[in-house]
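Presented sequentially are two complexes of chain A, the first with chain B as partner and the second with chain C.
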Partner chain A sequence: MKANEIVATPLSPRRGGGDEASQYIDLYASQRELICSGSAPVMNAVRDAAMQQFAAQGFPTLKEERYRYTDVAVAFAPDYGLNLSRVRIPVNPREVFRCDVPNLSTDLVYLVNDQPLLEKPIPYVSSLRQACIDHPDIVAKYYNKCASVIPSLSEKGPGGEVLLNTAFAQDGLFVHVPRGERMNHPLQVINILRSPVDMMVNRRVLIVLEEGAEATILLCDHAMDTVSFLTTQVIEVFCADRSRLDLYELEETHTSCRRFSNLQMTVGSDCVVSHNSITLYNGLTRNTADVALTGERSEITMNGCVVADKNQHVDNNTLIDHIAPSCTSRELYKCVADDEAVSAFAGRILVRKDAQKTSSKETNNNLCATDTARIYTQPMLEIYADDVQCSHGSTVGVLDQQALFYMQQRGIAEAEARLLLKNAFVGQVIEQVRLQPLRDRLHHLIDKRFRGELNKCTGCALCEPHPQPLSEGRGA
Partner chain B sequence: MSDKDLNKDKLSGPAQPLSENRNAREERDGNASAETSNDFVRRIAEQKYQFGFTTDVHTEVIDRGLNEDVVRLISQKKGEPDWLLQFRLEAFRYWQSQEQPSWGHLRLPDIDYQDISYYADPTARKADGPKTLDDIDPEVMKTFDKLGIPLEERLALSGTAVDAVMDSVSVKTTFKERLSERGIIFCSISEAVREYPDLVRQYLGSVVPYRDNYFAALNSAVFSDGSFVYIPKNTRCPMELSTYFRINARNTGQFERTLIVCDEGSYVSYLEGCTAPMRDENQLHAAIVEIVVLDNAKVKYSTVQNWYPGDSEGRGGVLNLVTKRGHLRGRNSRLSWTQVETGSAITWKYPSCVLSGDGSQAEFYSVAVTNNHQQADTGTKMIHLGRNTRSTIISKGISAGHSENSYRGLVRVGRHADGARNYSSCDSLLFGNLCGAHTFPYMDVQNPTATAEHEATTSKINEDQLLYCNQRGISTEDAVGLIVNGYAKDVLNKLPMEFAVEAQKLLQVSLEGTVG
Partner chain C sequence: MLEIHNLHASIAGKEILRGIDLTIRDGEIHALMGTNGAGKSTLSNVIVGHPAYEVTEGSITFNGQDLLQMKTEDRATAGIFMSFQQPVEIPGVSMQQFMRAAVNARRKALGQDELKASDFLRLMREKRKLVEIDSRLVNRSVNEGFSGGEKKRNEIFQMAMLEPTFCILDETDSGLDVDALRIVAEGFNKLRTAETSALVITHYQRLLDYIRPNVVHVLLDGRIVKTGGPELAQEIENRGFDWIKSLTPNPSPNGEGNSRSSSLI
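Right, the complex of A and B next:
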């Protein structure tokens, strides 16, 4: 790893939000050549503008409505190394990772930090850097364009962490399904964070579905080493008319991982799209999902499930922007917060003036298990059209005492009964998963998570070196 | 009973007030047969804001502008003790260090705080203020007549005590004697500062400190007058207390300050109603209402707000930037806010409750109507600190024309608020596709035994219900009135009788001409 160009500037004392930003600005200024040489022209073309904008606006502060629950600057403050000279980190993913989904035939892609390892060619899938060389026109047409297509994003501009990603991202994944085609198997992307020193990873994913295309994509995040990781991820998704996409994101890292993921999606007409975000184990996670429904009669389902304990912090921030009429959106997020965990959910549904006949439903349910855990929920409706059916509901509560009592009467121990109820609580989200084998696997993982046995699968090296023992799952 | 009969029964209830209105009007016009309900609706819809008149009273207005000297001058004019002057000055210095907030879903115009006069005294000519009804300026009395406040003996029949605030100085307080027999204090806050300094000093700023927000700081620095209510222990206030606020002199902001203290085991119901004359420039209204509820006491606070909303082009109108908060300090104390908001160009108002007494209960019922270019960002805060506290939020928003109507509410459950419960429900109704209806609920829960629920819906007026009414010969305008009143019924039912009637009329008048 010493051979790597681990570039970092010493951390200066914190003054407002400016100093965290300046270490990245300086780094970019000094290493611009290196960053560009490790990437491709299409990606390099937008770097300077992004950095310029970042230098002007810096990191978002807690005073900004969309960032009120996560202090971005603090997460970006430590001194991380970056693998700018693209040194291959020696890793055999098959050796270290075997926790794939049984009974599910998938095409597997390993992403070590941000570099894809394609063992055999998979149709429609390539590394972003390679795609820039093979199909520069297609990448140029879509790369970094989502933010300008989604009106609510272009109004305010992207956040600081997105700009940083655009400035520093050198590689990532590119999925392009041409018109009328469909992927034979679901695509499973296993992101493995691997580094001997504290590391910042900027990963970029670009998914383009042309008219009538179909795809199922599963993105899993894992951390192999116990050092601190900071990942920024920007996923841009373009769904043209009549396309179908199921996108799953699963995070299973450790408590010193910080993840900033931004999903930006535009959906054409007559599409059926689903997005499932599952946070099983993490440190600090901020997931932003912005979806613009630009074509008529499309349907979007967004589900999320969070299990957090210790001092984990999960912040889900979603926006569904109904621009075109007659679209349907369904959103369901569930969260269990234990110990000193913080869970935030802010979902905004925006129905624009012309989006008549919109049907929208947003639900957020939370369980707060201790008096030190904290739950924030903020389901928002912003409606400018009159012929719509919109509703939202959110709850924060405790396990149903009557159900607990009922089960105890029937000889189920209280701890077990609690576990069953918690499983059932988040199970509602898992049930929305369309792939049966994945659904079973997730039920299994969630159950293990609540039992505090997530690190005991012993299937691979990945699960072994957790820095601290996992809690025994309160009440379990 | 058949289904048909059932429906008939449902209809006959709300339809009643409509026909009553019409009858009353027809009698007055002496033209009972000619006027159809459509004509009536059209006439009302075209009607200009009927309370938009200006009373020509001699007013002592100080020069425009705001600085420490103005604060000192206001304090001096009111003959205030030094501690209150210091309170004002501290607030003023804090205000100077702050910026006007911009987080609301509002397009707040730039307010030139130096272009406003901060004090106007309609009774300045009379040295000691009016002593009897005859002492009151006849013009002022006429104003109140036009507003329909029965300040004289008529009051006895309605059983209401009115502390009429015109501009900044309390003109006349009625029924004071009857109230004082029971030890109830109901007077202007300036009088309270003179007569009951200890009480005022103990509670003033204890619920809404001047550091609370920008407009609270401004109010704390320059508040001119307002009402003070103190209900002694174990006393049930025999009548509903009521204040009428009205902005009169041109370009004077109204900065009232209301303080209500309900001592152990007592009960009071307080009404506040607002109308303001027509003006072209925006008028600033930054009030503070503080309510303290002690052990086993209950306070009911009702507002009908009908300030001038600006014309149909969105010119003028009152800026209503108000901080209202109740502190439920005592065990099992109760506080209920009910508001009907139909006026103001901009409403920025969050009547809140801090539930720190164990077992305390708070309620918030609100109907907010916006039409033309009105903007409202209103809601509540329920801050649960004590054990077994409960809160209910029912909010109904109605938006029409080019208006924006937002509900913004916070439910916070602190770490020690075991068994806290909250239920929030906010519905929005949209008329036309040029307006907006928004919901921004915030929940922040830190206790494993607490339950908080929020639900909201947004939809347009139900076509089936309209058709059903039309089929039965009820015109669309009347049907809208019926449906809206039914929609807002949960809230209107919580209003005291006199207000409920007024509110129902207001809703109808505010929305006429929006459908069909």
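Right, the complex of A and C next:
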């Protein structure tokens, strides 16, 4: 099938008065049947309510505290196509794409936009749409429920971009590790954005770890085509008591990509959980991560690393909600902003009245490499318990001039010295990545990124000198 | 090797060096002594090309090259090395990364190929033994968490790796106890060849017991006011600097800029 045969349902033209929300409301009203027929009952069951709420509240504005650094409505204003009729976009990822992390033995899943390609069955992993059909009870128990378990989210309700995702998402990924089980290999999910026309993608990920389950999951975002993409993604994660999860997210797309990702996670007691968010190359990115520690003695590590230049925009907004006592949270976000890039970090740690013996540390360090780059940083600590150990802090700085001089005196050229210092700065975050092959790969990718050798995604054939022609079925 | 003529230099508009003339020939060791703020560290920083200092007059030639026209890194790869008074900590950059970049830059300037990883590690091991530096230190980030003595020893280790032809030891003795001083000085002596020249900056005779200078200069208020043999250092040790000050024809009443210069180093 040729790429131009993809039927993309266009959004209706914008109405006057700058009401960006109405095109989505109209589209939903006219295409509701098509959306539902391309999905499954469990997902369809919550659409109408989400759309109703969206119609009532619209997009968040810059006046809202959690959205003050990213104008959501502007990002959603252009006229994107949506693949509501579920046309399979022709791609054989193995031929055109290698997201190789050497020495890392992983189970691999490709997601083309939001549709999974499972070449062979992987234990505990399936398409979300298929899971709705195969295990409707399990999916229904968790799907779209996470926000209601996180008090600070349920109090304010989901943002407009989350509601849109719930209304339009038709597929995605479902990972369910039963009680006491562990995944044999790390799961690597390669999201590939593909489209011949400007495209909106609504992807949903549901991860459920039952009691004592263990998993390592790596989500990589790439874009193969140079058209504009608008991605909404909602990742719901349920970690039951004594479970262990390492979740990595890596974005390596291009400057015409807009990404709105919302991670919602609840963590039971005695869990060890880490979340690493790495933005290596992007256009406009808003990552929201909300975590509720609902059980005692759990540990969460949240790390983030941002490399931004040109006019790239990265907004990380996190919340760690300490509800239960004796939990530990460690958060470290580091960002390098060059050229005219904008980076924002707002991290809120909430220690509720009953969360005694909480230990929490939040750090945000930024490197502002030019006069024109902008950094916003907002660490927030709210404590309502009286027996806790908490700290938060942030810095914005330039490269250490004395260190530069010292290196130059040893003969290291200024450009190389700057590179070493930038690498060292974000390297602190990468060093905390538990998977060693991934850690090595990330060091390598970040070095390439700073050297300007990472113009788009490194793995895709479009960046290589002799790309394979796109064709479906070859080698299948 | 190094010729300095009528050098004037200032920092933030404040003149620190007021006409320095100094010639150091191949294989010679010159000691530069003087009180705090006399301009000793300014002189060494100007030679290596610290960006904060501005040369307003005069010239420096290094093996016939106009040094003041060269970038800091090019001066280094041409063979000039400064042992820092306060070596800089660089968290996150490992000694190996740092030394490898530096050694390869020097090799490139000498027209040699980059060292293979295995050859580089062997070189690290050899030189480490020479200056008696612990392997644990070279596996860490540059100077991070090093004690004062370890930092100074690390400077000599770097000197061993880079094999410079002209070395500046900027108060290498400050903050060292006698044993550490001996190790550092002996390390330097082992590394010296017949062609190596050095400028040794110090307040005290102590370091010069280990590193024997051919010539001793006294710097006061931005000028070299007295030059002599090794016996001059002994005389200063015995009598202090005041008797030299009284010899100076036109002492400047203004000493405040000097303390500023030393705080920047």
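Keep this in mind: the second predicted complex is superposed on the first by the 438 of 476 C-alpha atoms of A that agree within 3 Å, B and C clash if a C-alpha of one lies under 4 Å from a C-alpha of the other, contacts with A are read in each partner's own complex, and residues count from 1 in each chain.
One rule holds for everything that comes next: a residue touches a chain if its C-beta (ideal position, glycine included) is under 8 Å from a C-beta of that chain, and two chains touch if they have at least 3 such contacts.
Everything numeric here is computed off the predicted structure, so don't read it as measured data.
Number of chain A residues touched is higher for B, counting chain B against chain C. Of the two partner chains placed by the overlay, only chain C lies in contact with A:407; chain B stays clear of it. After overlaying the two complexes on the shared chain, residue contacts for A:37 are found with neither chain B nor chain C.
Looking at the shared chain after the overlay, A:425 reaches chain C, while chain B stays out of its contact range.
Looking at the shared chain after the overlay, A:184 reaches neither chain B nor chain C. Residues of chain A touching chain B in their complex: 65, 353, 356, 366, 368-398.
Residues of chain C touching chain A in their complex: 48-51, 71-73, 76-77, 81-82, 84, 87-93, 97-98, 101-102, 105-106, 109, 141, 158, 162.
Residues of chain A touching chain C in their complex: 400-403, 405-414, 416, 420-421, 423-425, 427-428.
Taken in their complex, chain B has these residues touching chain A: 103, 105, 413, 415-416, 428, 430-460.
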